[in-house]
Every structure is written in structure tokens, then in C-alpha cells.
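Shared between the two complexes below is chain A, which has chain B as its partner in the first and chain C in the second.
So, the complex of A and B:
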């Protein structure tokens, strides 16, 4: 391997790593705020990529039906859970976010999709369709389990993953899709060719990280989320509703997942279940960061991307094995010498 | 000495050890036998479609894996998303040995189990230290890696897999069709059920069951919890490996796809659906999930108009709904519908004495202090929780450790019981250095303890919790337990547990679930558990908290009696009346240091103590 090949691999690794970083950040966010290890994060990647691919072909993506269905179930679940304390205002709010919003998104999509709108509009539609699924899934699957142990929440997350993967197969079929790159420009930096698409990915990742940073530092909502992550009970005592923080965390998870799908879809063919593996690589990064630190998760994600790129050159059949087994020594190092801890119970 | 446990009880105990089997003793024996008879007759039903036999065969294969998950997850509290990979280890071992080396399938069976066991031990050794949710995440990584390794290596014939696996033969008769394999598979399930019930109802089983009651409590009675965890992990993997061996010879071909992560998720789903707390729940779950999948695979593609793995949608929804509404699975509900009450255990009062715990030379000597603490120090960062504390507890002495909140009493307790290592200083039991020793090593020195926050195993009855205290006085291992060679020793352990329960006055509550008792009673159960260790020293952490006046008097009388028998006692207590009337000496702590030491009378009149407690009113 000479330097030019190494640089190409490094570029590939960093670009994929940027996607993993986005997902890793989202996983850390969801875990710290809600204690849910959000295995289905990757499904949003598939949904985002495939929805965009359908819009690109001028078809109405079937995910709008999934959005409507999830909204209805979420509304029913919330009305049922809150049946004793429900006020008219609350019902209206639920109807607004869970019924009117998806209906509006679906209507706009059906109107615009056949007209093959510009890429920016397609992306906006994709994000609008996928993002609300995050909080809907939280309301129906995880909110009723809010007091359960991390382990139970993890098993529930696996259940959601199973269901969403199956639904992905229903809505998108077994064929994969790949979208047009946002930019076909190529830049030459020394001996290295850099595609416009990779600059897009790096730019969007950087912008999103900056936006998240500003959100957590500067806005009251962001601070409330951080407070919930540090101490749920304490946050509650000062008037922050954990369920609201959790719903916001899942909204961000839906948004980041869909955005990652949009970014990754021109790079590789995405199938209904591809997102799961991509999401798990975000997980490797998040776990290296102890599901706690954003900067470490980001750095670890880049590392995972680079390791994967190098592994695909030397031992392409084993790149998944190499990537996933990174976490074993990391986990060992994390728990080595740690005192015996009490397991939380089922 | 009377004879060991009556054998007829052993069988009944085997069936009832999960505490949930049918009501009367007779019924408890009859129900499984009847089930066995029905199972044996099924293939003989004329006109039964071959297809149903095939389905039952698969249910049996899945049930084997799910039973393993009962031990690992339902009882041991460790969640694994990697069981399919152990099925794969068993299946590939026999596939390679029988197709490439012409090994007889029966000879390949021990090899398959050995490979699976060693593989699981290796995975467990590097993974089981992980706590809580990290363990399941690590098993996900292992299982995905296993899938890609098998799919990419020539030795496993990559993703094509290995075909042409010979059938299992019995006496020249090849078990090559569904009905003939049916007996083999369900025979294996029956053996797995018996082995698992035996294992859980034993000394080793109590150690595994105690994992969910808290690692610290189990360690404090000499249980090597790391070993108990790996034992549960390997046992579950062996059942999965057995399932894999049967699978390979049923399918006559293997490829990586049934051993991927999704299969592992389905195994866990089966355990959750049926109820991971009991082997019957595992079989129920395996049956339900397999039948539901079969039905869904029939009509979902028709409904959706395409072919694919659509049953995953239903499985995902079922899993989430079950966790929300019936987290213990369906089996407990089935029992409630059938109006089945938990079984009671026979007590073998006639079983004979459990041998005393082996004592070191120092413990046997009659002179010198039992516990000597010198310059003990514990720092958490900049905070000095215990500041160069020194005190001794003599033979047959009751010493109280008192002090205002935050004085460092609990930290001191954790240091002398080996729960936390000290920063510096010296701890000696019976003149032998025990500084920095782990809790389970200190237990071997004859030191037993209770906990400020009661730590009894939730899934166990009162007497089973007490019997855990005698862990170090028994020797039976897992193999002896599975083969029921441990009955005599078990009977003695339970007789001892019963005797100690009687001593603390709770004998009539022996069969109640431990957590159903009032908090004060649970504290007394902890004392009975501690006495089961046959200790020379008792460490009691707030034993009188939550007790009523009369119970306190009884407790004080019991502790005096124990002192009379030569036991030394150190107790942390807030109840001044209780402490003043009971102890020989008091050590008063404030801000991590020793403020005063003396008889209750001296302490009562010590100006420094009055200052600390009453703010200098005196």
C-alpha cells in the first residue's frame, strides 16, 4: 500500500466516520436523557435514504403511511396513558402533533412528489417524514417503560428494531437504492481527489455538531435536556418533565438518523436493513465513549471509519468482524479493576 | 445420626424447585408425567400431518436454547443476544467432524459440547465482567462477528454452508425422518428440564439465583460470583450447543443464516414471551413463538403481496407489548389461571448435622482480639471518610460502633467486610492480616454480616436465602447437583437453615418469598443467614432498624445468647437504648475519626460525645 492508496482509504474512513459520528452523538444523547440504548437508530438511516431515493424518482414514498400510522398509534397510546388526567388542551396538543402534523406532511408530499421538486425540497420532505417518527416511537414503546431498568429498555429497543426492519421491508421491498450525489464536483488537493459529496458530508456533520453544541449551551430546552441527563429526579424537582426531554431527544434521534441516511445514500447502495449495520457502527463509537461523552464518541466514530476503511483494503471479508470486535478490548479496559457493581434488576 | 433425605422427596423437589409447579405433592409429580406421556403419544396419532411433527421438532430445538436462557437471564440476571452463535458452534462442530472425518454423530456430540463449552468459557471470560447493559451489547458484537467469520472462512464452507451431514443412528436404525427424531429431540428437552431443575435446586443453583439479589451479598457468604456467572453462561451455551448438534442432524445441512443475531433475538423473545423465570415458561415461549411465526409466514406474505421476513414486525410489537404489560411472561399467568400455588419444601429435620466450617489456627485460639483495626483510612478523592481509625473487638464481646450521620460508620463497615479496599491501615481477624481482602475471602475467615439495606434474593424463599449462608459449609458442584448426588448434603444444609430460622424465631415463615416479609423480619432473616455460616464473628449493620419494641428485646436476647456461646459481635446502630443496654463497649465516631471509646456508662457521661450528639447542651 502506498501513500496515495492510504490517503484514499483515510478519506473514505473519515467520511464514513463522520456519518458514524452523527449516529454516535445521537445514541449518546438518547441514552443519557432516556437510558434507552436506541438500537433502532439505524432504521431511520435506511428510511431516510430510501425515502429520498423514491422522491428522486418522482414516486410518493410509502413511509408517509408509516408516519400516519405511527402518529395515530402514538396519539391513542398517549390518550390511553393519560386517560385520568387528560384536559381538552392536552388532547388538542396531541391531535396537533400526532395527527395534524403527519397529515400535513403526507399531503404536501403527495402533492409535491410527482412534480420532482429540487433536491433541497426532496431532502426537506424526507426529514419532515422521518423525524416525527422518533417521538412517536418513544411515546408508544418507551414512555410506558420509563421506570424500567436499562436492560428492559434495551430489550424493548430490540423489539422496536425488529418491527421497524420488517416494516422497512414492507415499504421499500428487498431491492436497494442509491441516490444521485448532491454535487458531482471533484477537487484535487495534492495527489488526492476529493469529491464534492464528501465535502458536503463533512460540512453538514460539522454544522450539525456546532448546532447541537449551541442548542445545549444556549437554549433553555437544551439545558433542560442536559439537566435530565445528569439527574432525572433533580430535573423533575426543578420542573423539567422527563417525558418532554425524552420526546425531544427522540426527535433529535429521528432527525439525525434521517439526515445521516440522506448523506450516506449517494455513497453506497442502501437496503431496508443496511441502516442497522451503519447504526451499530455508530454504537461502537458510542460505547467506546462509555455512552456518555460526545467528543470521545465523535473521535471514536472517525477511528471506527478509518479502521473499517483500512480493514476493507487488507481483509475485506472480515471488516465487520474487525469493526465490531474493537469494542471488546474497549469494554474490558473500561471495566477492568472496576469494583464489583450491583446489577440493576429487571 | 439418622438417614439422609428421603428419596421420594427428591423427585418432588426437582419438579417444584422453581416454586411454581402444580399444587399438591401428588399432582406435582403427576402433571409432568402426564405431559410426558402425551408427548410420547403424539407421533402415534393416526393421520397427524408430518408437518406438525416437524414443527414440534423445531419447538423442541428452540426450547433447549430457551431453557438455557432461563438459567442465564431469568435466574442469573444476565441478558445474552448471542445464544444462536452457540447453537452454531455445536452445529458446525458436528457438521465438520461427520462430513470430513467420518466421525459417528454420537462421538461428535461430546466434541460439539466441548467446543461450545470452551468457546462460551472464552467469550464469558472476557465479557462477563461487563455490568448491566454492556454485557448484552457485547454479545451482539460477538454474534455479528461470529456470523461474518463463519460466512467468510473456507473451513466453514463460507456462506454456502456444509451439506451431506449423516443422520444419527441408533442400533443400525437411522433417525432420518421427523417422527424418529422427535423422540430424540424431546428426550433431550426432558433431560434438559430435569438437569436444569436439579441445578437450580442446589448449592450452585442458589449461588446463581443469588446473583440477582445482589453480588455483594452473595460474595459476603463466600460465593465466587464471577464463577457463578460463567457457570450459568457456559451451562446455557451447552444447551444451545446440544440444540445445534440435533439441528445439524435434523437439517442434514448447516449454513450461517440460522446462527445470526436475529436468531439470537428470537431466542430471547421466546424466553420473554413464556417467562424467563421458569423452564416451563421457556418451553411455552418456544412453542408460542414457533407456532406464531409459522402462521404469520403463511398469511403475512399473502396479505402484503410479497415474500419476506414480515413476522419480525409482529415479534417486535409482541416483545414491546409484553414488556409493558406482562414482564414476567405468560407462564405465571397460566399458573394463576390454573389456580396453582407455590410449592412448599420438605424440611429434613432428621437429616443430621452439617459439619462445622473449617477453622484456621488463629480462629481456634482462645486469646487475642477477634478483630483489630489499626490506623484505618479511606479517602474518596479529597474527602477523608475514615481517618486513621483504630479499635479492637475481643472474644465474646459485643462492641457497638456509633456516631452521628456521616461519621464514617458505614464506610468503616465496608472496609472491614472487604466490600471496599482501604486507602491505608491494617485490618486483622484472629491475628491474621486481612487488609484489602475481598468479601468472600473474609467470609472464609469466619466473619458473617448483615446489611443496612436488606439484601435478600427476591426470587428465593426465606429458607433458601438462609441456606445461602451455609454456602462455604457445602462442597457439591454443578455436576453433582445435576445428577442429584448432593441430596444428603442439601438435606443437612436445609436442616441447618431451618435450625437457625428457629433460633431467630421465624421458622414458620420458612417457605414464604423472602421479599414478602416485613422489613424488620427481613433483617432477622439476614441474621439467620449469617448464623448459617457458622461464624466466629458477626458484623451487624443497623440490625434493630425497623423492629418493633418486642422484636428489639428478642433480638437483644438472641445476641446475648450468641455472645454466651463465644461469638464476637460488632454492630452499627442508631437506636441508643438498644445499644446502651446490649453492648460491652462502644466506639464513637465523628467526622471519620474515633471520638471516644468505653463502656456504655462511660460513653453516656463523656462530654465530647454529648457535644457531638447534642451540640453541647450539657
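So, the complex of A and C:
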């Protein structure tokens, strides 16, 4: 291996790592706020990418029906859970976010999809379709279990993952799709060929990380999320509703997932089940960060991407093995190095 | 979208109605002509769904009556899962009392099913391609047959084409699963026999998002041509990366890539690729004297009438061929025993093994006690991708 090959691999790894970083951050966010290890994170990537691919072909994506269905279920769940304290204003608010919003998104999509709108509109539609699924899934599957142990929440997350994968096959079929790149520009830097798309990925990732940082540091909602992450009970005592924080965390998860899908789909073919593997690599990064630290998760994700790229060059048959092996020394180090904290769920 | 849903709904409907029929038939109503019951298990979900869905669709086109006996098909999904495939197999045998089983879509699941078939003496017609399913014919594989072409036959086509076009060295990139391994095993001797060197071997996974590392390593070995052993749309990724990295030589694909989604996803990156395929892929371009032309055209017309234009794939043809094989064998077995009995199953096995000159959509089949595939060179054509479509290459070029 000479320097130029190493650089190409490094570049490849960093680009993939940027996507893993987005997903890793989102996993850390959801876990710290809600204690849910959000396995279905990857499904948002597939749904986002394939929804965009269908819009690009001028077809109406079936994900809008899923959005409507999830909205209805979420509304019913909320009305049922709050049946003793329901006020007219509350019902109206629920109807607005869970029924009117998805209906509006679906209507706009059906109207615009056959007209093949410009790429920016397609991407906005995709994000509008996929993002609300995050909070709806939370209301449907996780809010009723909010006080359950991490293990129960994990099992629920796996259930949601399996259901979404199955729906993905029904919606998108078994074969994959690839979307048009945002930019087909190519730059030559020495022996490196840098595509415009990869610059987009790096740029959007950096911007999103900065925006998340600002959100947590500067806004009241962001601070409320951090407070919930540090201490749920304490946050409640000072008047932060954990269910509100959780719903916001899931909204961000939905948004980041869909955005990752939109970013990655021009680079490679996405299948209905590709998202799971991408999400899993984000998960490796999140684990390395102890499901707690955002900067470490981001750095670890880049590391995962680079290791993956190098492994595919040296030992392609063992690529996945090598990537997932990273997790073992980290777990060992975390078990031996850190004091054991028992989860107080009994 | 709607189509995918319709397919799923249709499969479910077929399953339900067929099993409902089965309930009625097992009563006293249908004693007049005993139905022949065929269990079908394919991978309509999971990693091999792109194979399993067209296979399940093609069941609707199979013969509903043979020699005066109704034929019933019970379709189950095994989710590309070996355990589930075996469970389906046991269900077919103990609950549904089938006379033969067709399936599954991929080699690992099928190998496990063949064991169960032999144990219970039920013939299994495989839709998966690996030669190990039927070779060598021993006590177990006595009960196993296969409709897709052997990879060996396809590999020979590739090696011949390479030799004829002056390729001296080849790089190989394939799936890390049974498909890629099977191809590597077959292509090695085929290349050796032509004096072509295999200079680099790389692997990748079906859902991989990047194969840059593998592509660079292949190109570092400077092969004249590169061969990609992948199935369906994932086979387009290496071709794309190689083009991006400036590889100029010819790229060969396998027949696993031969579906229209591959063309859609591959676009101009797969232009010029050469691959071996079943004749059904280019049915309209076949010379009129090709034995399979008529059958293949009928299959395509029927399939597209039902599922829409451009929906046909060679995977569905494997199921159709399995139907043709059973259709040819059932009359002989009916002369020996009644359907639903162990004697009938044994007679059916013997009849399949003795099947002669059965015209598939993909070639002509002559089974023997040592060859449970029975195909010859007529089951393969060489195809090139030109202007985003499959183009038949004249023999020997």
C-alpha cells in the first residue's frame, strides 16, 4: 500500500464515518434522555433514502401512509394515557400534531410528487415525511414503557426495528435504489479525487454537530434535554416534563436518520434493510463513547469508518468482523476501568 | 409501491386459498381425482427477497391440472432463514402431506431442506443454484433436483468468452456468502483450463456501502478483466467503484445480476458488462430454432400480463421450470400410485430422474441417475449490456 491508496482509503473512511457519526450522536442523545437503545435508528436512514428515490422518480412514496397510520396510533395512545386529565386544548394540540400535520404532509406530497419538483423540495418533503415518525413511534411504543428497565426498552426497540424492516420490504421492494448526487463536481487535490457529494456530507455533518451544540448550550429546550439526561427525577422536580424531552429527542433522531439517508443515498445503493447495518456501526461508535459523550461518539465514528475502509483493503472477507471487534476491547476497558454502577430498577 | 403491496397481498391470498382448498379436498368431496399437492417454500422476505418474490409470483402461472388430477400449491415464506426453511419443510410433510417440495431460493436453506426431504422420502426441486445441492448423487441427494443452471456451466461461458477476447489475467470480487464462494470454486478450474490467471480475490457484503478498498486492491494487481460475483442490485456497486477509480478493462458479471433492477441501479456504470444468463433473459432475441424460445416467450407474456410490463426476471423462470419438470413427471407417477402415498412420492422421484427432453424456459433437460440438473450448453447464453438493455452475443464471440 502506498501513500496515495492510503489517502483514498482514509477519505472513503472519513466520509462513511461522518454518516456513522450522525447516527452515533443520535443514539447517544436518545439513550441519555430516554434510556432507549434506539435500534430502529437505521430504518430512518433507509426510509429517508428510499423515499427520496421514489420522489425522484415522480412516484408517491407509501411512507406517507405509514406516517398517517403512526400519527393516528400516536393520537389514540396519547388520548388514552391522558384520559383522566384531558382538556379541550390538549385534545386540540394532539389532533394538530398527530393528525393534521401528517395529513398536510401527505396531501402536499401527493400533490407535488407527480410534478417532479426540484431536488431541494424533494429533500424537504422527505425530511417532513420521516422526521415526525420519530415522536410518533415514541408515543406508540416507548412512552407507555417509560418507567420500565433498559432491557425492556431494548426489547421494544428490537420489536419496532423488525416491524419497520418488514414494512420497508412492502413499501420499497427487495431491490435497492440510488439517488442523484446533489453535486456532480469533482476536485483534484494532489492524487486525491474529491467529489462534491462527499464535501456535502462533511459540511452537513459539521453544520449539524455545531447546530446541536448550540441547541444544547443556548436554548431552553436544549438545556431541558440535558437536564433530563443528567437526572430524570431532578429534571421533573424543577418542572421539565420527561415525556416532552423524550419526544423532542425522538424527533431529532428521526430528523438525523432521514438526513443521513438523504446524504448517503447518492454514494451507494440503499436497500430496505441497509439502514440497520449503518445504524449498527453508529452504535459501535456510541458504545465506544459509553453512550454518554457526544465528542467521543463523533471521533469514534470516524475511527469506525477508517478502520472499515482499511479492513476492506487488507482483509475484505473479515471486514465486518474487524469493525465489530473494536467493541470488545472497549467493553473490557470500560468494565475494568470504571466503577460498576448498578441500574436502580429493582 | 402499490405493486409490491399487491404482490404481498397476492401471495397471502394464494397461500390462504390454497390451504383452504386443501381443507375441502381432504374431506370427502374430492375423492374422484386425488389432488397432487406441492409444497413451495421461497425466500419472499429477508436478504434473498429479490429472488423469492418473483419466484412466489410465478407459482400462479403453473399448471393447475395434470393428467386429470388437480395440482395444489401451498406457498410459504422462509425469510431466507435456514431454521424456518426446515420448519416449513416439516410442516409440508407432517401437516400438508405434500407429494413434492419446490424451494428454496438460496443454497444454505435448500441444503438443510434436502436433508429433511431425504429423511422423509419427499422429492425436493431446488430453485437455488449451487451444484452441491444435487452433487454427487448419494442416498440423500437422491431426492434432490434443481432447475437453475450449475454455476459450472455459467463459469465455462465466462472463461470461453474471456479466452476468445484475449483476456490473460482476471481479478475476482464476490459476496462473502455461499453465492460468492460457490462461484470462486467454479471459476478457478474454468479459468485454469483456458490458461487464464486469477491474480486477485476480494470479498464484499451484500449491504456494503463502499468497496473502494477492494477495488483499489484489485486494480493494484493489474488484471485484464474483473469479474463480479454478486446477485441482484448489489452487484452494481463494484462495477461503479471500478469505473470511478478508472478501471478500463472489461467487467464480467454472473447470472445472479440478471434482473431489470440491476440495469436501473447500475445505469451507465454497468454499460458493456458481459454475463452468462438463462435464455429467458433475451427470449425475443433468440434464434427461431432455439428450443426454449417459445416456452420462454409464453412465460414472459403470462407473467407480464399478470404483474405488469418489465416485471419478469429469470428467478421467476426457475419456478416456472420447476413446474414444467413436475408437470412432465407427474403422469408417469400417477400410473404407479395414488397421490398422497409414499409410493406416489417414490414414483414421482423416479419419474423426475427419468425425465427426458423436458423443454424449460432455460434450455432442454435430460435427467439421469447421476445428473439431477440435466442441462447442457443450450441452458446458457452470453449477454452484454448495451444502451441499458440486455443484448444477446452470438455464440463463440
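As a convention for this text, the second predicted complex is superposed on the first by the 336 of 346 C-alpha atoms of A that agree within 3 Å, B and C clash if a C-alpha of one lies under 4 Å from a C-alpha of the other, contacts with A are read in each partner's own complex, and residues count from 1 in each chain.
Criterion: contacts are C-beta pairs under 8 Å (C-beta built on N, C-alpha and C of every residue); 3 or more make two chains touch, one makes a residue touch a chain.
Treat the numbers as computed from the prediction; the structure is a model and nothing was measured.
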Task: Simultaneous placement of chain C and chain B on chain A, clash or fit - done: clash
Open item on the list: Quick one: is A:264 in contact with chain B, with chain C, with both, or with neither? Answer first, second, both or neither.
Closed with: second
- [ ] Answer with first, second, both or neither: which of chain B and chain C does A:30 touch in the superposed model?
- [x] neither
Open item on the list: Contact-wise, after the overlay, does A:174 reach chain B, chain C, both or neither (first, second, both, neither)?
Closed with: both
TODO: May I ask you to decide whether A:280 touches chain B, chain C, both, or neither, giving the answer as first, second, both or neither?
DONE: first
TODO: Using the superposition on chain A described above, determine whether A:208 touches chain B (first), chain C (second), both, or neither.
DONE: neither
Open item on the list: Contacts for A:62 in the overlay, against chain B (first) and chain C (second): which applies, first, second, both or neither?
Closed with: second
Task: Partner chain(s) touched by A:248 [first = chain B, second = chain C, both, neither] - done: neither
Task: Partner chain(s) touched by A:5 [first = chain B, second = chain C, both, neither] - done: second
- [ ] Examine A:166 and indicate which partner it touches, taking first as chain B and second as chain C; both and neither are also allowed.
- [x] both
- [ ] Under the contact definition given at the top, report the residues of chain A touching chain B in one complex and chain C in the other.
- [x] 166, 169-170, 173-174, 317, 320
- [ ] Going by the contact rule at the top, pick out the chain A residues touching chain C in the complex.
- [x] 5, 8-9, 12, 16, 54, 59-62, 166, 169-178, 264, 267-269, 271, 273-274, 277-278, 308-314, 316-317, 319-320
TODO: Under the touch definition given earlier, write down the residues of chain B that touch chain A in their complex.
DONE: 77, 79, 81, 126-127, 129-134, 136-138, 140-142, 144-145, 148-149, 152, 211-212, 214-216, 219, 225, 262, 265, 268-269, 272, 304, 306, 308-320, 323-324, 327, 420, 458
Task: Residues of chain C touching chain A in the complex - done: 1-5, 8, 45, 47, 49-50, 52-53, 173, 176, 202-205, 207-214, 216-217, 220, 232-234, 236-237, 259, 261, 264-265
Task: In the complex with chain B, residue positions of chain A that touch it - done: 37, 141, 144-145, 148, 150-152, 154-156, 158-167, 169-170, 173-174, 280, 283-284, 287, 317-318, 320-321, 324-325, 327-328, 331-332, 334-336, 338-346
